[in-house]
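Think of it as A, B, C, D and E in the order they're written, each chain with its own count starting at 1.
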Amino acid sequence: MSRNRKKRISRHLRMSIPPREAVQEGEKAGKPEMTLMTFSGSTFSERKVPSPGELPEIPCEGETAWIDITGLHDAPFLAEAAEKFGIHPLVLEDICNTGQRAKTEDYGDYQYIVVKMVTWDEENGQIEVEQVSFVLFENLLITFQERPGDLFEPVRQRLRQGKGRLRRQGADYLTYSLLDAIVDGYFLLIEKIGDQVEAIEGELLDGPATETSAKIHELRREMIFLRKAAWPLRDAVSSLERGGRFAGSATAVYMRDLYDHVIQVIDGIETIRDILAGMLDIYLSSVSNRMNEVMKVLTIIATIFIPLTFIAGVYGMNFVFMPELEWKWAYPAVLGVMAATALWMLAFFRKKGWL
Amino acid sequence: MSRNRKKRISRHLRMSIPPREAVQEGEKAGKPEMTLMTFSGSTFSERKVPSPGELPEIPCEGETAWIDITGLHDAPFLAEAAEKFGIHPLVLEDICNTGQRAKTEDYGDYQYIVVKMVTWDEENGQIEVEQVSFVLFENLLITFQERPGDLFEPVRQRLRQGKGRLRRQGADYLTYSLLDAIVDGYFLLIEKIGDQVEAIEGELLDGPATETSAKIHELRREMIFLRKAAWPLRDAVSSLERGGRFAGSATAVYMRDLYDHVIQVIDGIETIRDILAGMLDIYLSSVSNRMNEVMKVLTIIATIFIPLTFIAGVYGMNFVFMPELEWKWAYPAVLGVMAATALWMLAFFRKKGWL
Amino acid sequence: MSRNRKKRISRHLRMSIPPREAVQEGEKAGKPEMTLMTFSGSTFSERKVPSPGELPEIPCEGETAWIDITGLHDAPFLAEAAEKFGIHPLVLEDICNTGQRAKTEDYGDYQYIVVKMVTWDEENGQIEVEQVSFVLFENLLITFQERPGDLFEPVRQRLRQGKGRLRRQGADYLTYSLLDAIVDGYFLLIEKIGDQVEAIEGELLDGPATETSAKIHELRREMIFLRKAAWPLRDAVSSLERGGRFAGSATAVYMRDLYDHVIQVIDGIETIRDILAGMLDIYLSSVSNRMNEVMKVLTIIATIFIPLTFIAGVYGMNFVFMPELEWKWAYPAVLGVMAATALWMLAFFRKKGWL
Amino acid sequence: MSRNRKKRISRHLRMSIPPREAVQEGEKAGKPEMTLMTFSGSTFSERKVPSPGELPEIPCEGETAWIDITGLHDAPFLAEAAEKFGIHPLVLEDICNTGQRAKTEDYGDYQYIVVKMVTWDEENGQIEVEQVSFVLFENLLITFQERPGDLFEPVRQRLRQGKGRLRRQGADYLTYSLLDAIVDGYFLLIEKIGDQVEAIEGELLDGPATETSAKIHELRREMIFLRKAAWPLRDAVSSLERGGRFAGSATAVYMRDLYDHVIQVIDGIETIRDILAGMLDIYLSSVSNRMNEVMKVLTIIATIFIPLTFIAGVYGMNFVFMPELEWKWAYPAVLGVMAATALWMLAFFRKKGWL
Amino acid sequence: MSRNRKKRISRHLRMSIPPREAVQEGEKAGKPEMTLMTFSGSTFSERKVPSPGELPEIPCEGETAWIDITGLHDAPFLAEAAEKFGIHPLVLEDICNTGQRAKTEDYGDYQYIVVKMVTWDEENGQIEVEQVSFVLFENLLITFQERPGDLFEPVRQRLRQGKGRLRRQGADYLTYSLLDAIVDGYFLLIEKIGDQVEAIEGELLDGPATETSAKIHELRREMIFLRKAAWPLRDAVSSLERGGRFAGSATAVYMRDLYDHVIQVIDGIETIRDILAGMLDIYLSSVSNRMNEVMKVLTIIATIFIPLTFIAGVYGMNFVFMPELEWKWAYPAVLGVMAATALWMLAFFRKKGWL
């Protein structure tokens, strides 16, 4: 388990600090997968396309297209795609470099958006993070993901079934829907962590254990990390709402709603952080309370018996001339003195409020 | 009681983190109640309306109407109401989703305001929070509440009795009056908590008890929570004062007054937080003072008697050749040495300032 | 004394949280007192006026008038005064409600200013706070105070004696002079508290006592409170300097000077807060130093004598076959071993740096 | 020495809180000294002038004059000077009142600048602060200092020797040169304090002593104080750079440079503060480490010997029927049990990592 | 090693506080080295130039020149160079004074940029800092470095080999490339420190050692320092992006990218700081946990054996009349009482949760 914790730190650091070159983890990364969806109010088609060269001239008049590329390790593949759609080399670099903070940039022809998608990895009990890039043209959206598996399945279902206004609304609204799915992922994560916070709270009430403090520190670190992911998201969505392609469009009001959601995410994160800080305070003060209790018991036992033992020691001395030793009632008298001493001490402690 | 505390955390988290879908707590929620009040300077009528479809074309010329809907669990009911008055689906979503932060949004035809109404739940000894939404048209105000029971009764009385300027002033002023009642609720809550702070202060002066620290932590958490409710309220009221429907109207000056009240609420919250932080410091330093006192008593008793016990032990040894044992005055002499040692130690401690 | 401290908290809270209705402390509050002063460069008259109705049409051409009303508990009296001069009901409410933060508002005809006047109550050893409201017309100033007794006596004297430019300068300059007197009150208070800080510092150098920490916490709380009074004053004076009635007038330069003074007040408060925080750190570290010293003495005494006592105990055993007991030099040898052990331990402690 | 520390606090407070009247320390303050320097590119004259009335009509065409007044206790003298040059009474008040924060004000005819000059008082080992005011006219600069002795000697030398561009550049550049000398004084002070920080660091590495913590707290307080002097300086120099008399002049670029220096001063102060905070953490954790070590030694000694002493005590009992006492090998067996117990305990402690 | 740490502090301070005169470390500094590179899309030449006077009239039409000067200790050399290119004396002062914060200033003809280049000094295990100044003309870039050895070698290689767009893009792009290399240096440093953080984390999991806390404090100080270097860099790059020579040029988009990288650097620094703060918390709480454990063992051993030893002491007394001593079963009975006492105590401790 200590191994596990160690790996987690580097995970955090790696996520904030991009490797200086485009990711090339080589072997383990195969060919990227590319899925093309085209749709209009009434039509819908979906198919895999093996390479950028085989993409049709998209989109047709009145249609919207969504190209979803999964896997960022095949540099020539991505370069070919970038060139086909006129994507700036710096944008391509940002897409491949998975250490980006959430941001949005307007390149005239297209809007570039990059955000972190967070999910809860049940298996390892940790937050999973994936960088998702959006390149949004007039009626074409290209998304880039690191790995297969995402939070977009509900959106795809709505596209396939043609329910709701998704098909009729074009690429802007599709982008909003995907971003909304990602922000919902943050909410789910916060709920997951909220459950853990409650579990820890239960432990805390049963008495402070060392593992409890370790868990609190663990969660605090996860929150540092989640917070660093969420704050730039706020700025990115805010600038999507106020400027660029979305300003003044019908989608702007949805972006404002999305912004409210991001604020709620951040609020939730801050609330959990405050609660965790409070729990750590409670943990520390309950540890120190227990320490006090231990000290008090020690002191009471020691201060009662140390003088008594001394008295016993005195009459254990082997001097030849100790007149008390021969007195008839000396022994009961000494026992009485000892009891009196002990009672007086107990009374003293009670008066001091230590008992 | 630990159960109780546990529930409280989740309450806090749940309030910051909206469930991802409109509240559907099902069974326990019956039909929403809808009350329609129409009034002008001289007229007033009030009646329950069972469904949105049965609402008359409101309001008539020169009249103002207030529709108060209580209960957010009947989605079709609310959807029908929203459609009748042309309320945007996103607004309806915000109304039903009880995890909103206080905010206001101008939708042209109407102004949407959502705030948290706080009351003190005497029974469970905790803060009760309810989300109240206002949809304000030209001369129509629709309010949405989660549960029956609110802070609006005095306003209703003033409407019914036609006292003051409330009836003559239209929907804007009615909105202000209701918001003012809600802000007054915050003041009442702060006074309630202030009473508890004083009670705890009393306990603190009697000496630090473990429960005292638990109560301080409890109140601190409630304050975190109240603060998260009050800060967005400030922004919402501020933007009501400066922009939207109220700017430049006769109600603007009242909104400025309301803003001053919200600032006072936040000031009160911050003052209580500062006082609680100070009390925790006092608690901790009095705990550490007591610990010091305990340590000192232990040290003094132990350091006085340990050497004496050693001396007694020496003369308790059974060596055959211990000349002192046979000396006539050895026993009193040893007792004298012991007394001298103890006195010297006491003098040493007094000089050190430990006594 | 604990009673006293308890009362102090509620005082602080009450001052930040206004009672929800105009103060009506009933019995103890008699009729308000109203004093009218009219003056021009060469003339001056001063008289008590029993009721607002008996006020003359003031002020005459070329004259300035100052109406000073003391006591806020007679609502009809104040309402009559407000009506006579056309003061807005919300302003009247603010005047009577003594939980205001310092602020200023421009109502066109008149400027409303409310500030806190602080004095040091020698008797109870605490800060006394009184709310003072200014309603400033073209050449008429009305002030409202809670209680008799204020810091304005020097200004009155200057008016009566006609010294300086006070009489010639009109109501604006009079307002400035009174505000300046109030800000001077803050300086006096800071000096008073500064004296107490020095006294506590002296105690701290003599060694940490429990009362010292109580006093530091007490002062910290007073500073929280003073700070909450002073910060809004800054904003109020700043907006007086930059806008409203004073902007561009001859009094503006004095307002800028007043603003500098308020900044100095806040600076002084922050300095005292920083010094108090530092003193608390010093107190805590000197407490922990003393604790360390106590622990060290205990440890040294105990670790030296516990092994010696054990040796003595061994030779106090009553086994029949203990050959050492009969050896001639056994007793001195054992004493020698004991002395050697003790010396070796002392050397060890000295090497460790504990002695 | 405690006296010394006490005085230091009041010094800090006094410096932030101006006495409410112009300084009148009476006896110790003699007549102010006034020095007049006039210079142009080629000419230079310097002389003492006993009173403002005897100042010539200065400056002549094409010449620049610098009047340096030392000593602020002779009110009529200063009033006469102020009147001669048309200085506003509020400015005169600020000049005499030595509790000003650094600031600058533009009075049209002249620019008023007030800053704190800091030097290191070797004798008392503390920071010496002196308020310096600049009144800058078209080609006349008047400076007011509290005491003889300043940091301006190098500037005077450059004026006398006519080296560099100082003589040719007029009053603006002279003002810049003097301010630069004052800012250099801050750098010198930071270096002095940096040396002390290093010395303390050395002590800290040798092991924590009580004096070390006292020194750290002492320096922290000095830094609070220095910081309060430097921050307003930043604002003052910034507004000199951006506005008033210097904006757009040839001296503006030098002011920008001066501003950079002030930022570096503040940076240095913050760095020292951070380092001191870190050192205090190190001190506290090394104290607590030592405490731990002490506790461990006590625990090990006590837990080893207390059971052994108990065993010895058992066989020291005087019961008539204790069969073991007569066994032949009982004594060595008991000694063996004792040794085994001690060894087992040592092994236990080693396993626990306490040894 | 303590020497080493001591030196480090002064290093930090020195870096924030510039020496008041241009660096003149005399002997150890030889002649500066000056390298001239001229290039266009197709041409490239590189040569050492011994003195500024021997520089050709550069650059020719259509060519870009880069003069790289290493060594800042030869004042006349630098002054000659400054004069030849019309560099302002204040800029020259800033170039030579190695205590600058990162900043940029637009002087019309040229843009002045100064930044800190950080590298990891493997030998001494500390951060190495070097000040690099850029003076950027239309098609000429002059760089000034403190010492030989820099992070620019890859850029030089790309220039020599004519790969990429570097040769064709002129002085602006060259400046960007060099700044980018410097920012990459920060990333490398953060990775290096991240490795150390992980190593410390590993130690922390093995149990708290005193050295671990020393290392954490050490790293925290390095981070204070790195942070002070990185924050001004952010402002400098930001103002390069928004204003001056780069605004609106083709290089602006690269500057925006560089700005993102600087933000990531700062993010990484803050993440490491947060992680270090968390680790210190964990260290402290594990130290206090261990202390608790030690205390508990001591208390359990002591409280069990102290009463037993007292009982043994009682029956070790030598009174003549102690009837129990002669009872047949007294000894086993006393042993039984002792065992019962011990067991009862153990049960009590278990109930208290101390075992």
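Going forward, contacts are C-beta pairs under 8 Å (C-beta built on N, C-alpha and C of every residue); 3 or more make two chains touch, one makes a residue touch a chain.
Quick caveat, the model's predicted, so the values are computed rather than measured.
Q: Which chains does chain C share as contact partners with chain E?
A: The shared contacts of chain C and chain E, listed by label, come to D.
Q: Compute the shortest path length in steps from chain C to chain D over the network of touching chains.
A: When the steps are counted carefully, the minimum from chain C to chain D is 1.
Q: Nearest whole angstrom, what separates the Cα centre of chain A from the Cα centre of chain D?
A: Whole-Å distance between the two chain centres: 42.
Q: Could you work out how far the Cα centre of chain D sits from that of chain E, in whole Å?
A: Computed from C-alpha means, the inter-chain centre distance equals 26 Å.
Q: Name the residues of chain C that each touch 2 or more other chains.
A: As it turns out, chain C has residues touching two or more other chains at 295, 298, 302, 306, 309, 313, 316-318, 322.
Q: For chain A, which residues are in contact with chain B within the complex?
A: For chain A paired with chain B, touching residues are 184, 187-188, 190-191, 194, 197-198, 201-202, 205, 253-254, 256-257, 260, 263-264, 267-268, 270-272, 274-275, 278, 281-282, 285, 288-289, 292, 295-296, 298-299, 302-303, 306-307, 309-310, 313-314, 316-322, 352-354.
Q: Which stretch or stretches of chain C touch chain B in the complex?
A: Contact set of chain C toward chain B: 2, 5-6, 9-10, 12-13, 16-18, 20, 88, 90, 93-94, 99-101, 103, 105, 207, 210, 213-214, 217, 220-221, 224-225, 228, 280, 284, 287, 290-291, 293-295, 297-298, 301-302, 305-306, 308-309, 312-313, 315-318, 322, 324-331, 334-335, 338.
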